[in-house]
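Worksheet for the structure shown next.
Letters A, B and C mark the chains in the order given here, with residues in each chain numbered from 1 onward.
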Amino acid sequence: MSEADWLAVWLTIKLAAVTTAVLLLVGTPIAWWIARTRSWLKQPVAAFVALPLVLPPTVLGFYLLLFLGPNGPGGWLTQTLALGTLPFTFAGLVIGSVIYSLPFVVQPIYNAFEAVGERPLEVAATLRASPWNRFFTVALPLARPGLLTATVLGFAHTVGEFGVVLMIGGAIPGKTKVLSVAIYDHVEALEYVHAHALSAGMVVFAFLVLLVLFMINRRWEPLR
Amino acid sequence: MPHLFLPFLFVLLAPFLIPGPATAADVTVAAAANFTEAINRLAPDFERRTGHRLVTSFGATGKLYAQIKNGAPFDVLLAADAAYPRRLEAERLTVSGTRFIYATGRLVLWSARAGVVDKDGAILRKGDFAHLAVANPTTAPYGAAAVQVMRRLGVEERLRPRLVQGENITQAFQFVRSGNALLGFVAWAQVRALPAAQVGSYWLVPVELYAPLHQEAVLLKRAADAPAARAFIDYLRSPPARSIIEELGYTTPR
Amino acid sequence: MSKIEVSLQTALGGFALDAVFTAPSRGITALFGPSGSGKTSVLRCVAGLVRAPRGKVCIDGECWQDESRRHFVPAHRRAIGYVFQEASLFAHLSVRDNLEYGLNRTPAKERRIEFGQAVEWLGLKALLPRGSQHLSGGERQRVAIARALLSSPRLLLLDEPLSGLDDAAKADIVPYLERLHRELSIPALYVSHAAEEVARLCDYMVLMENGAVRAHGALGAMLTRLDLPLARSDTASAVIDATVVERDDAFQLTYLEFNGGRLAAIGDTAPMGAKARFRVHARDVSVALVRPERTSAQNVLAAQIEEIAEDAPGRVVVRLRVGDTILLARITRKSASDLGLKNGMPVYAQIKSVALLR
């Protein structure tokens, strides 16, 4: 494998790690809200979060390109904040990946919160635990299987992401040229040997991730 | 009472039962993405003149090449360059003697904003901008041409950190059009197709600065005995077709 | 002001609750009534888990809710201990960590129950290192009770803590509850629909029906009020709180005194001087006009008829005052008629010793 390929691998891991961290920070409160709320907004918000499941990634990427571009509302905001525009930057990829993988993280966490139910939180309330304290000492630990699943899925899905990154990345080596784009370029350039090496690596990686996922699920079955 | 339904059955099946004109047939064409607009204009003219029907798949030339190699049912390939048709020829997947240049593309340095790109591309040497969009130089002919231009102008090193790559020329065009890249090397045909208000500013790069963007067409093996496919090849070289192609910003061989 | 004041009005999803009562802030008060009568809703409002739109909840003058001045203390700031129907232990914590959850969140100066004490009371020592997943139903509920106690509540709320348990587990846990009742000064609200449990454990009763309080009063009085359904049910019974005064080892009898006289009960019921509560079914009490002699019944008590009511065809229930204690006797209408029983008449009540139930 060439140095550029290794750069793409490293960049992909970095992107997936940062994205997963952001996803957990963003997705957990969203999942919590959807699981708890009695607002009529529950269903619309849940549907909105699930949108990336339906939209072709390239469509999503194209909208993001327009939204985050200098003429889009997102771009206006980042420019007002003196952050420049986000397409073709690592931060832009993180935002795209977060949106793209959001349902894969929110869904398992939401399921876990639903499974935990109201009761343990009520018990904690009667044991003098404040709402924040209940969340951190009861809801989160009990939702751990869901959080683990979400972490693995979020990471894996970001690694496998292609369309969104292609649309807003600009394939800058070391900055936005991730593994999937590198594989695609190799294929396009008829460099099948390189493509095979990277693809085989990804297949092995995906298998290992799913294996870990299933093992986690088995380990936590008694809690269900 | 089956006889009651017989007339309906006949009506339903009529399109399949009544043969069309003996000479009319479908021509399946694999065309480079940059030629989309041209095909849209050529097809009705061709169909009106010959009675044949054009069925077109658009895509990156490399992808089309891979599909043809793996048995895709195309009669004609309209490539974005000359390399892939030659390759197919060498692999004996074409009808020999049918390869020809149907259009020559022109490279343009374009910005969606007016007053950005000057009339001799000086901005490449001095300009301050964050991103310059190009098509992937290893796979897209326009990308390769853009790199040649930058090299000839001696600005490759200066510009490398600012390059953003589109997977193909369409994507590079989107980067510029959405304003995410202030300027980029795109196809002249793409800029020509824009409404006047969106043309912004551009520099039509002199042809001496890059190898000609010859786009070649070739008749594929499977259409060796298909008169309709040959008719389309002949049509592409005809004056009416050439004038449509030139109108869109390509040149055609004299 | 040593009382629990509750006044709650709410309509939760088609179910209207309008519960008003006061109860003493000592001993165990039963919230008694059939399923769906609103007992648990009252408990949840008292805990602050639910906020009734109109309501007032005060204990010893300190109000946790007073909507007249828009005052509401959320559950986690109320010094309550809540034992749910299912033990609801934290699955991710060990028994010890479950017990310490509330303890650690109780300010040191408010702690009145020590860890070791609660563990001893509920017999949990051997369970401490275990995961909360691997306990029997009775063990889980014991842990839940100790956990609630360790947050040093001013009021204990128990929501049918025995109803999810099988008979063996119930038998296992009741002695612990009785011990808490005797030794602990924390008042409790105890939700139940089982008369037997209530008769055994409670001191005061709030009777609920269809989301409203039908009546409330001291347990003995409530069990024996002929205008309430309890005294008319087949299992109608009264309670006698007595003190152990003598043992007859030869006949394996225990003698007890209460404010209406002296009783003999079978077996080694409790240590000398200890308080013991007995439940006496109305069907085990018979009535005589003269002190019976040569009867097999060991217990003959002088009584006065307070009220007679026909509770089923051919059957009457007689309310008897024995000292300060009230007993019920169920007899046939014919017997009542033959004996000419009337309100205010002095009579003798006979109770077989074998019918005295702890």
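Heads up, the rule we're going with is that a contact is a pair of C-beta atoms (placed from the backbone, for glycine too) under 8 Å apart; a residue touches a chain by one contact, two chains touch by 3 or more.
All values derive from a computational prediction rather than experimental measurement.
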For chain C, which other chain has the most distant CA centre?
B
Chain centre (avg CA) closest to assembly CA average -> A
Rounded to the nearest whole Å, what is the centre-to-centre distance of chain B and chain C, using the mean of the C-alpha atoms as each centre?
88
Using mean CA coordinates as chain centres, what's the chain A-chain C distance in Å?
55
Roughly how far is chain A from chain B, centre to centre by C-alpha average, rounded to an integer in Å?
36
In the complex formed with chain C, which residues of chain A make contact?
119-120, 122-131, 133-134, 137-138, 141-142, 144, 222-223
Can you check the complex and tell me which residues of chain C touch chain A?
47-49, 74-78, 80-82, 84, 86, 88, 90-92, 101-102, 105-106, 133, 147-148, 151, 157
In the complex, the residues of chain B that touch chain A are 60, 62-63, 66, 130-131, 133, 136, 138-139, 163-167, 171, 174-175, 178-181
Which part of chain A faces chain B closely enough to touch in the complex?
62, 65-66, 68-72, 75, 84-85, 87-88, 166-172, 176, 184-185, 188-190
